[in-house]
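Shared chain: chain A. Partners: chain B in the first complex, chain C in the second.
Entry: the complex of A and B
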């Protein structure tokens, strides 16, 4: 049953990818700047520009160009960076792991903080946790994240001197041997504790800042969902048969209540992906956001489009995974 | 905000427009505002924040003590003082004056983007709901493709394509924002068009246009207003974010996101430069969110019943 659902989702995925690439192609195609002129350099004669235009296939009709673009895409060719002259796909490969590491850390922090907070404020309304999470929810979504990131640097590095300013490692350390691209995992695999600790310390601030708005949303959802579940008949049954409250809340209620925030995780990934652009820029975190930021300053178009494409893929695939996980946790869902 | 769709869609379905006298309506509205404010006190805070902001934007030349773009190298990087309330930046410009003028830009951004997004979304949503069938299906799948983009990423791509600048930033954000409205208004029209009074209007021979304008559209206005207000905050943040990464508003225009971006290298030494424009952003966004919540309560008949 679930296999058929996954299959159907994968077919839909193909449509989404065609749509997304089509849209990105449309943007590339309609930019006011002339790509041939840009690629030929400022000193090129009109004839040289024209030659290059023919060589790049830019004189052909739009649909031919789109098909070529798609063909190249399937071969993993996203063009060359106009800034570094390296293939875009290579650039993306070297920057993606850092972003994934940051995102996963942010999601973990989100779940670890938001779920207990939500449960606590549902079980004990008016408790300190309830008030704190209320305040948090009101502020969490109204704050400009890039600004919060700057303030965090100012407080935790500038004033308290407890966390590093930015970057993924201290400048005195060399990155571990490349295996997954995540410094934390690679350091662990190499058995280098010092490196592991250093990478972890560098991760704390950016990941926490990125998790803030998500914690605000998740804890409120968790609270309302928990309140609803606690009013159900089977909770009364569980209580009346003498189960300790810890088991009633922790086992019977939690498993059902956690479904609602889980549906939001897919959406949240979208926000987190957007936020990596801002947070990575502030913390000089060498991920996709940082890559995009540098590309924007040089108007390095192939790289900007490459980043957009990869983030889109990550978003779509993670959403698919969340849906499958959802079906796995809740056996009532039939597809 | 955008993620909170679920709550706003089930807000009030207005009863069909009644031929009440306008003064009666005014009085009724004022009474409802009073009642709503009684149990949503934060709504009053939000209204206050936004009202202040609008006044600041209107009277910016009177409030700002200095010309926001006047360079004064002798007074560069001064800490906050009586002369310069929020200090000065690296070019000696008065940060307070720049923040004051920034209110004009951010308010304009919020209004323009939301207006474009809501009109495009409304047009697509209504077409889908009224035509149904294949057109509905096609339009909604088209909407899904836009939803497959993480919001800021699509805005970044479009903005980069159009070239940096405030107009392209506003257009880019509008391009990513219409989807929510399309879905919401489609749903709203779908539920309204099957109501008895619409059948009634059709039975007495009202034209399609008249039914749409007089009987269906008024029912969409309430939920859309709430959504628009809640969205405006997120829109302002997104445009500020684009400006921060160098795409949206270009310096030396005094836009808050661009100002934080300009000052971001100075956070450890001259903290006031990036801090105050960021605070202004918070002021506006929190204000808009609170007003949005207030409007939602105001239009929710269930809450009216509670204390009315």
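Entry: the complex of A and C
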């Protein structure tokens, strides 16, 4: 049953990709700027621009370009970057691990902070944890992420000197041998403890900043979901049977209450991926966000398309995983 | 519970501090650390744009160099050269004993390959090389270019022709890409430094090339670490914390702070970039030269220098930058004179103004925003309204190309593609390039100026060329297709122990690290 569901979702993914690419092509043609002109650089002659336009296939009608792109896409060819001339797929392979590392760390921080805070807020309303949780929610949702990133950098790097400004490693260190692309994992695999610690320290600030708005959402959702569950009859029954409160909350209530925030976690991955553009730029984190930032600046459309597709793909796949996790957490859910 | 929560915070803080202390620190006394906002996406020296040129200047050697002090082309890979009297043949004698980073010799064959590669890819300085009809390798160290027509701009384009290792490029070519993909992360040069690490969008590390042909006597920068820091606020923090020696793009707003810091030296240089208002002369009433002259007179030039450039800029004297050969220093300097401007407007039939101009400017550029604010006030005094049109540079470039686009005035830059004055004037003020180069945003042309520019492009004799170019400048300034406001300064901040920095207009916003030193860095 679940397999059929997964298959259905995979077919759905094809339509999503067609939709996303179509939309991006439409946007491309709406922009009042010439990608060939930008790619040719300042001071390029009309002949240079025209040569480049032909080389990039930008002289062909829009629908032909789109169909060619789709045909190549399904063969795994995303074209070449107009800036670096490297295949986009190679660029994505180089940049994706850094973003995934950051995204996973942000999600971990999100879950590890937001769930306990949400539970504590629900169990003891008005308590210190509840107040902190509310403060987090207000700040996390109300403050612009870009500003928070700069402020965090100013405090923890500029004034307290406890964390690095950004980057993925200290300037004096060389990255570990490439295996996964995640410095943390690769350093562990290489058994290089110093490198591992350095990579981890560099992850703290960007990951925490990236997690902040999500902590705000998750903790509030967790709180309201938990409050609702705690008011259910079966919780009252469990308590009246004399079950310790730890078990009532931790086992019976939490498992049911976590479904609502879990739905959001899937969505949050998408938001986090979107936020990489801001956070990676501030923290000089060489991931997809930074790649997208520079590609947009230089109108490098093959790369913009590639990044959008990867983000879309990761978003859909993670939401699928969340759906599968539902069934695991709540056996009543059938697909 | 409260106590446990507090304990948790303290423990977390301690772990953080221990981890932070563990983050490595290394030996940096002979290492120059630079923070730069704009990421260099390639080490392919074909791109002569400033962002790539920053890297290629370290890793490659150009055929010839430009000496900004002497305002002359001086030897580099080519130790001497000869230009035939008719300007159609260029012969270069190359230095012997230059080796690329892989240890192979740089010969005439590499120069020929570099020219052919540049023309085939069709980017960078290729347009200056397309006129070369034949290249002859006379021997390993002598090469001759034959031109289809005389071109005075060729020699001044050659400082941007960095010589690429032919064998290295051919060995790393994929699908006929001239090794462009390979050069994304590697260099193929003979320059003083070679790339040893390119950590995407984070840092690029160069180490000195021991076998560099010019030698290392009296030089001590062994390593260069280039950090890509997009935010100027972060650059400032890193500079304050002593993590970088040079911040390449400090915010203008931070300059007053840096000026008062005894451990900082603010280096300001006049660049060949000129801030101007281009008047689209095909729009009424800008077709009348008196109106254009009036608007030029109603610009508070001192305000721009003091407020937009915090005193670091320089008044522009016509369209050719003062750092260029053949800049006409006999031209009148622009003046702010509202009364004279009002009189000119009245003479043109617009007493009290009474018209509004659509002005396009690039949003997000502080100097242009400040200038726009000033123009709204001073042109307002003439009774001329401004309807601002914010656009990004791509959109503005498209509008500048289009004769039917709306803006009457463009607040933009002269951003020369080389160091040749005739080429600059041709690109911006020749009738032949209207609607072709987005540079000619004013859509102004004059047959007399066209004739002069055409002659200048083909003139080989420097003295004659100087006369022609200077005369063209006079005619252009008189017709006022634009008001040239200021030579935009390039400002960077450095630690006092960083010595030997100088600005070269042939390599805008780059560093000549080979000629720099670190004196007393700890």
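Methods note: the second predicted complex is superposed on the first by the 296 of 335 C-alpha atoms of A that agree within 3 Å, B and C clash if a C-alpha of one lies under 4 Å from a C-alpha of the other, contacts with A are read in each partner's own complex, and residues count from 1 in each chain.
Just so we're on the same page, a contact is a pair of C-beta atoms (placed from the backbone, for glycine too) under 8 Å apart; a residue touches a chain by one contact, two chains touch by 3 or more.
In this text the structure is predicted, and so the values were computed from the model without any measurement.
Once the two complexes are overlaid on the shared chain, A:198 sits against chain C while remaining clear of chain B.
By the touch criterion stated above, A:150 is placed in contact with chain B and with chain C alike.
Legend: residue contacts after superposition of the two complexes on their common chain; A:282 is shown touching both chain B and chain C. When both complexes are overlaid on chain A, the residue A:171 reaches chain C alone and has no touch with chain B. Using the contact criterion defined above for the overlaid structures, shared-chain residue A:301 touches chain B, although it does not reach chain C. Of the two partner chains placed around the shared chain by superposition, chain C is the only one that A:83 touches, whereas chain B remains out of contact. When the two complexes are overlaid on their common chain A, residue A:128 makes contact with chain C while staying clear of chain B.
In the superposition on chain A, contact of A:141 is made with chain B only, not with chain C.
Between chain B and chain C, it is C that contacts the larger number of residues in chain A. In the superposition on chain A, A:46 makes contact with chain C only, not with chain B.
Looking at chain A, you'll find residues 31-33, 150, 153-154, 157-158, 165, 281-282, 293, 299 touch chain B in one structure and chain C in the other.
Residues 1-2, 5, 16-17, 19-20, 22-28, 33, 39, 41-42, 44, 47, 49, 122-124, 126-127, 177, 180-181, 184, 197, 199-203, 225, 227-231, 233-234, 237-238, 240-241, 243, 392, 394-395, 397-399, 415-418, 427, 436-439 of chain C touch chain A in their complex.
The touching residues of chain A, counted against chain C in their complex, run 31-34, 37-38, 40-48, 51-52, 80, 83-87, 90, 94-95, 98, 124, 127-129, 150, 153-154, 157-158, 161-175, 194, 197-198, 200-202, 204, 280-282, 284-287, 290-291, 293-294, 298-299. Residues of chain B touching chain A in their complex: 1, 3, 42, 141-142, 144-146, 148-154, 156-158, 160-163, 233-234, 237, 240-241, 244-247, 257, 260-261, 264, 267-268, 271, 274-275, 278, 281-282, 285-286, 289-290.
The touching residues of chain A, counted against chain B in their complex, run 15-16, 19-20, 23-24, 27-28, 30-33, 138-139, 141-147, 150-151, 153-154, 157-158, 165, 217, 264, 267, 269-271, 273-275, 277-278, 281-282, 292-293, 296-297, 299, 301, 304-305, 307-308, 311-312, 315-316.
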